[in-house]
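In the two complexes that follow, chain A is the common piece, with chain B as its partner first and chain C second.
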Partner chain A sequence: MSRPLLSLLTFLFLSIICNAFSPENPTDRKVLVLLDDLSVKSSHSLYFQSLQSRGYDLDFKLADDPRVALQRYGQYLYDALILFSPTIESLGGSLNAAAILDFVDSGHDLILAADASASDLIREIATECGVDFDEDQAAMVIDHTSFAVSDTEGDHTLIAGDNFIQSDVILGKEKIKAPVLFKGIGHSVNPANSLVLKVLSASPAAYSANPKSKLSTPPTLTGSAIGLVSVVQARNNARILISGSLSMFSNRFFRSGVQKAGSTINHGRSGNEQFVTEISKWVFHERGHLKAVNVRHHKVGEADEPSIYRINDELEYSLEIYEWSGTSWEPYVADDVQVQFYMMSPYVLKTMSTDQKGIYYTSFKVPDVYGVFQFKVEYKKLGVTSLSLAKQIPVRPFRHNEYERFITAAFPYYGASFSMMGGFFIFSLVYLYHK
Partner chain B sequence: MAKSSATKDAQALFHSLRSAYAATPTNLKIIDLYVVFAISTALIQVVYMALVGSFPFNSFLSGVLSCIGTAVLAVCLRIQVNKENKEFKDLPPERAFADFVLCNLVLHLVIMNFLG
Partner chain C sequence: MMKVLGFLVLLALSSALTCEAAIFKPISHSHRSAALELFTPADGSFKSFEEAYEALRTFEVLGIKKQPDQRADTCASVVDTLSSPSSALKDLFQALRVNGLLNCELNKKAFAGIVPRLKDAVKIASSLLDSYYSVGSLVLIKGLSSDVDVHLESADSVFRAIKALGQSDGRWRYSSNNPESSTYAAGIAFESLAGVISLASSEIDQSLISMVKNDISKLLGGLEKYDDGAYYFDEKLVDAQGHQGPLAASSAVVCGITSFATVSAENLNLPGDKILGLARFFLGIGVPGNAKDLYYQVEALASLENNRVSMPLILSLPTNVLSLTRKDPLKVNVNTVLGAAAPSLTVKLKQIFSSGSKDSSVIDQDLKFDHKNAVHYLDALPKDIDVGSYVFTFEVVLHDSEHRMIYATGGRTKVPIHITGVIKVNNAEISALDSDLGNVETRKKLDLAGENSVCLSANHLQKLRLSFQLTSPLGHALKPHQAFLKLTHESKLEHIFVVHNSGKQFEIILDFLGLVEKFFYLSGRYDIELTVGDAVMENSFLQPLGSVELDLPEPPEKAALPPPLVVDPSSRFGPKEEIAHIFRAPEKRPPRNLSYAFLALVLLPFVGFLVGLLRLGVNLKNFPTSAPATFAILFHLAIAAVLSLYFLFWLKLNLFITLKALGFLGIFLLFVGHRTLSHLASTSAKLKSA
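On to the complex of A and B.
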């Protein structure tokens, strides 16, 4: 191979690597989309186009394609996975539920959409993420009070949901005005899993049952305990979106108008496009991804970081927090970042001041206790990546020559001791020479 | 009158004690005076600590213990040089005083170390 060609290939290869997910550039780049059949590609094209227009490289594959693979030679080929194949019973190639969960465990993102015909495989993946779909295979979410008004009376399974989570980070700053159309299955979130959040819940009057049969026993899932769309942010900051409705992402729902039952307002377009776009931005780390850099601490009036502190030292602690905006790191502004000075339990807990440019700083006095302490920042807030920083620092007691000498309050004691010595001398003289 | 008789008894007791003490040899009286001086200095420091607080606690301890130690050593000397004490009649008073001086030196060495 000639040299110019080789260097060109190296350059291309490097540029591919540099575009992939990295701590410096956390937005996903390459996304694998697994579909039941390729018609979904056109029926959901608006959603896929919105992703492509934001720079994602979508790779469409049939879910049972035998060549489909998430990794090759131990390297993941994709940064995120969109699973729009609710009916698939077994995935193609070497892919299975465990492989998808491994993908998530290694910090990659997942969007999963189920449907009324959701397969056991899809349910299993959702369950592993803390989302339990209704076990009744034929059940759908039915709501007789907040369904979307349509020409035919219908069975009220097309829901106009507006019970959103209150979070600017997850759903964007702009309020979603129109209700979101949803037609699919409901889920409950595992109460033991603290990482999963319901983003869109059903109305208090909703229930999950088979719309075609008569309701003979009370439904197991009722009211706002039903989640329609949920997200998970794992401890490794991998993000997962689980929706009970694939049609929520479809062009038909994007373009459709919506009028909620009992309301006179007829929205020309449903909130689906805004809702789905904003939440995809969050899942693909365009929002709410933090990094902390330049963690510093030093004594007041000094610049160098000491290897050890003494009890009662005054110290200053600072760090910088930036949020990824999708293209660059922007200063993160909040007033609730706290630092702990920690040894088994926090001895000092201080809320840090910020200069609004990403720098957080505070100063405090080392407690009157020596031992091995840690500077800890545990920042866990709804929607943003959790920051967990710990830096170990020992604290020593006073050296012997660092104690205060000649304390005024102790002068009487000094006086007494010396008068005892003088007294001893005089007593000895008097005792020896009397008479 | 019960009260006046009690007062009279106390006076009589006090007089008898005083006349008995007057017979004490002078060297023992000097030691007694020295002990009273040490104890009262210790009491003054305790009262001062109660008022000011125990902050330089090591200084307080060394101040008080130097007084108590001195008093204890002086009492030991008094026992050994008392002629009426048959137990120590073989011990010469010079030896007793030398012991007293040595112990005092050790005591004040320790006190000086602990005072600062």
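On to the complex of A and C.
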């Protein structure tokens, strides 16, 4: 009796595994949404619907629900986490900042939205991800020159942001025409951190301060250095979105029109929906997730991969790169994939040609230095998962009999030797038998 | 608790600066488009009667004319349900409700079968929901046909049975064996009681009605309040059905109270401010993103709109941001919650608070009414109102004294208003000063409205002085929230200073001697930028002023290093420069012909040797004959073989083969050589001796 049950369980387990995040199927499937309260589910329903319609299984929980858990028996229950609970001081269950960071460290994705009332916990998680929110708890991003004209908001904290990062991978091919409404807190990113990217920055005239109190000292965050929305792509390709505004995702901002101050163009709808949808496609690996397969190299004119190369050999190197489109692997088309022939430092660095169908190839001559080399592909592009391939290959010098045998310059010496030999032969005859 | 917090967040979205002053707008077009979006079933038909009712009811209240295509289907299933004798009470009730909206053609006989069943159900009902469904169904049937007798003979006992579930704090239990009480249930109970009253064949005992009246006032006493004047009913009991949050509870209670008030023909003395507060709560939610929430909101607002006890009037402003420069008139709309026109009334502007200061100016001014646009307006703002943020207090006074009983206006309404204007900027100048004496070295006038590109130079002993004046439209001083001077070094290092003012005059003096450390001793060109902005300033600006060439001293050894600069992310990515290996150049060789020439030269002595031999007339007469000749021939052949072996070694053989072959040849050579040479030696010895 137990055997059918066991096989059923195995089947169920396998089917769960198949649906979950895997290197072969990198889009997230199960997403945990933690909310301050369930009314956010209704007020931000358009955003959640757009995720659900793309096939995500959203599990809504209150952030302080004692039953909330990210993993059970060492297995993660979710592929991604949406943290829409800016005010939460401590999470329910065994969840804490460290658990969330472990979740990210194990390659899972995170969307975090803060607000003017962001708690220390949320700030801590953001800081660990390399995004520092303004330390002044009452501060908001204020912009007196590029605010959104509004009938109800007169303090210029509703910002019409259009300072986007230039990246098709992150924001999609279609240009975001209408500005994005933003009301919340700003952050700065550490310039030394190469993993964090500001996707939406404030205008040069913006600053982050408490709108209700007079300023006596300069604000810590000013101008375009203020990040409004940032993304992080960790070394393990986990992706994180950090926004200083929760209302950016709300139905109200999705539906609202926007007119930027000083501009006469009145957009019927803000760019929020497009911006937020496109960026969540990126965060959930529907775009810009690459894999490299079929790495091959061989001598020109041969087909098999040798175990060793000789200096000055001509070789051909090729690999195939595919991009995950959310449902299938599509050939990746780019013109900046480079291969290095590397020993301590690159000896050869070459941009590969492509056939536009995912195959990248090149050929070059092995340097006249012997040792243990590596074929290295270090592909780092804005927004795309980084590819890092290395394949070791030794290079030997010429064998003793592989050098040139008949050197023209040496012909006089050869000639001298052989004439000497001929002379010796004749002389020996003459000397012995002359009478 | 959590949900309450959530609504607070929602309200905070639409509320503005001051806590008490907030903006609520009646139902608008955005609700209609949201309703069409939310209530359009994905697969063409409604999943349940409940869903169908919620959709149809919302459309009806919002005045959406779109007749859903599902009418035929839905009506068919309504008829099915009503004619089936085994339908559950709940289904009957929901089907009747849907029918009430769709007016399906129903068979009168069907009612005859249902009514006795419902009447029995009313009598034996043990739980609140059973009573609610059966009483509700009877009320709906009563509305449909007059020839069916739906009157309850034992209305008093039914009334008592429902009342028995009521708790002392005004809330209700779902059934007698469920100890938990809920506010949502109270709403349902009031509606059921209202139904019982309307179905009663004889007058209900007045004392029972006054008991319920008492319950209602107790329940209203437990209303929770937000800072912005919105009231709501909290729901402690959250059951498995979900949707039982404060919104559902408040909506149910409002519907219950209004229907009870309608049938009981008694003045319930509902406090106007609480009714208005409830209306504000429902409006403050904005447009819900969930069908259920939208239904609750719309249903509650509809019952507030249509009750005859206390109709809330909502005062709203088309815009809270008024421009003093454009002379925007102050406009106020007064509507019912669903956006219908209010009765004739006067809006009075009572008080104006200046935010940031406690003092207020008391004004008692009536707003004019524009009949065409149904807007109350004030042509000109009071004379002493300058740019700034204010809280205006309005009062709504109804003309008709009868209306005063019906409409709830909520006394004074506080509304935050931002008055903006163009700020005059003048007398702007920038100058470099000598440190000690304050002598002006260079002074440049600036036009902050246009383009500027001044070029100054200074060293660390000098000062930079920037001054300008800001004047509000009424000639007062204005201290903008943002008045920053920014110096940007060539290396993109920024320094920001706040410009302070005394009255209208803004001035900043940068003493470079005190700033060298802050500037990290970086000499060079600094771009100057001035940003002046405020929420009430219509011409906020960010102006590049030009640049100053600073000559700062060399940094001492222990000076702090400038912080790392922000790197453009695109520079970190992108392809690297290609690297090609430089191969070792092949060694230089003489030209081919030269080698051949030298080869010929080298072969020349050999030729000379041969010619010499011929000239000397060499012969081989001493060659042995007979048997030794074989050895001599073999000897010379062996020598020739060794020499050819050398040739072959040069041509292709390697050392190992060569040495092996040479070994064999050598032994052979030794043998034949010995024989040959010994023969030659013996012949020559014979010759000598002879």
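Keep this in mind: the second predicted complex is superposed on the first by the 398 of 435 C-alpha atoms of A that agree within 3 Å, B and C clash if a C-alpha of one lies under 4 Å from a C-alpha of the other, contacts with A are read in each partner's own complex, and residues count from 1 in each chain.
Everything that follows uses one rule, which is that a residue touches a chain if its C-beta (ideal position, glycine included) is under 8 Å from a C-beta of that chain, and two chains touch if they have at least 3 such contacts.
The model shown is predicted, which means the values in this text are computed figures rather than measured ones.
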Next on the checklist: Looking at A:150 after the superposition, I want to know if it touches chain B, chain C, both of them or none. Which is it: first, second, both, neither?
Outcome noted: second
Next on the checklist: Quick check on the superposed pair: does A:419 touch chain B, chain C, both, or neither? Answer first, second, both or neither.
Outcome noted: both
Checklist entry - Between chain B (first) and chain C (second), which does A:73 come into contact with in this model arrangement: first, second, both, or neither? => result neither
Item to check | Which partner, chain B or chain C, touches more chain A residues | outcome: C
Checklist entry - Should A:43 be classified as contacting the first partner (chain B), the second (chain C), both, or neither? => result second
Checklist entry - Residue overlap on chain A between the chain B contact set and the chain C contact set? => result 407, 409-410, 412, 414, 416-417, 419, 421, 423-424, 427-428, 430, 432, 434-435
Item to check | chain B to chain A touching residues, read off their complex | outcome: 26-27, 30-31, 34, 37-38, 41-42, 44-45, 48, 52-53, 55-56, 59-60, 62-64, 66-67, 70, 74, 97, 101, 104, 108, 111-112, 115-116
Checklist outcome for this item: In the complex, the residues of chain A that touch chain C are 35-46, 62, 64, 87, 115, 142-145, 150-156, 165-166, 191-192, 194, 197-198, 204-205, 207, 209, 211-212, 214-219, 222-223, 225, 247, 250-252, 255, 312, 336, 338, 340-341, 346-351, 364-365, 367-369, 380-382, 401, 407-412, 414-419, 421-430, 432-435
Next on the checklist: Quick check: in the complex, which residue numbers of chain A touch chain B?
Outcome noted: 403, 405, 407, 409-410, 412-414, 416-417, 419-421, 423-424, 427-428, 430-432, 434-435
Next on the checklist: Quick check: in the complex, which residue numbers of chain C touch chain A?
Outcome noted: 2-7, 9-10, 13-14, 16-17, 23, 30, 33-34, 245, 247, 286-290, 293, 317-321, 389, 416-418, 420, 479, 481-482, 484, 486, 494, 496-498, 500, 531, 533-537, 540-542, 563-567, 569-570, 572-581, 583-584, 589-590, 592, 595-596, 598-599, 601-603, 605-606, 609-610, 613, 618-623, 632, 636, 639-640, 643, 646-647, 650, 654, 676, 680
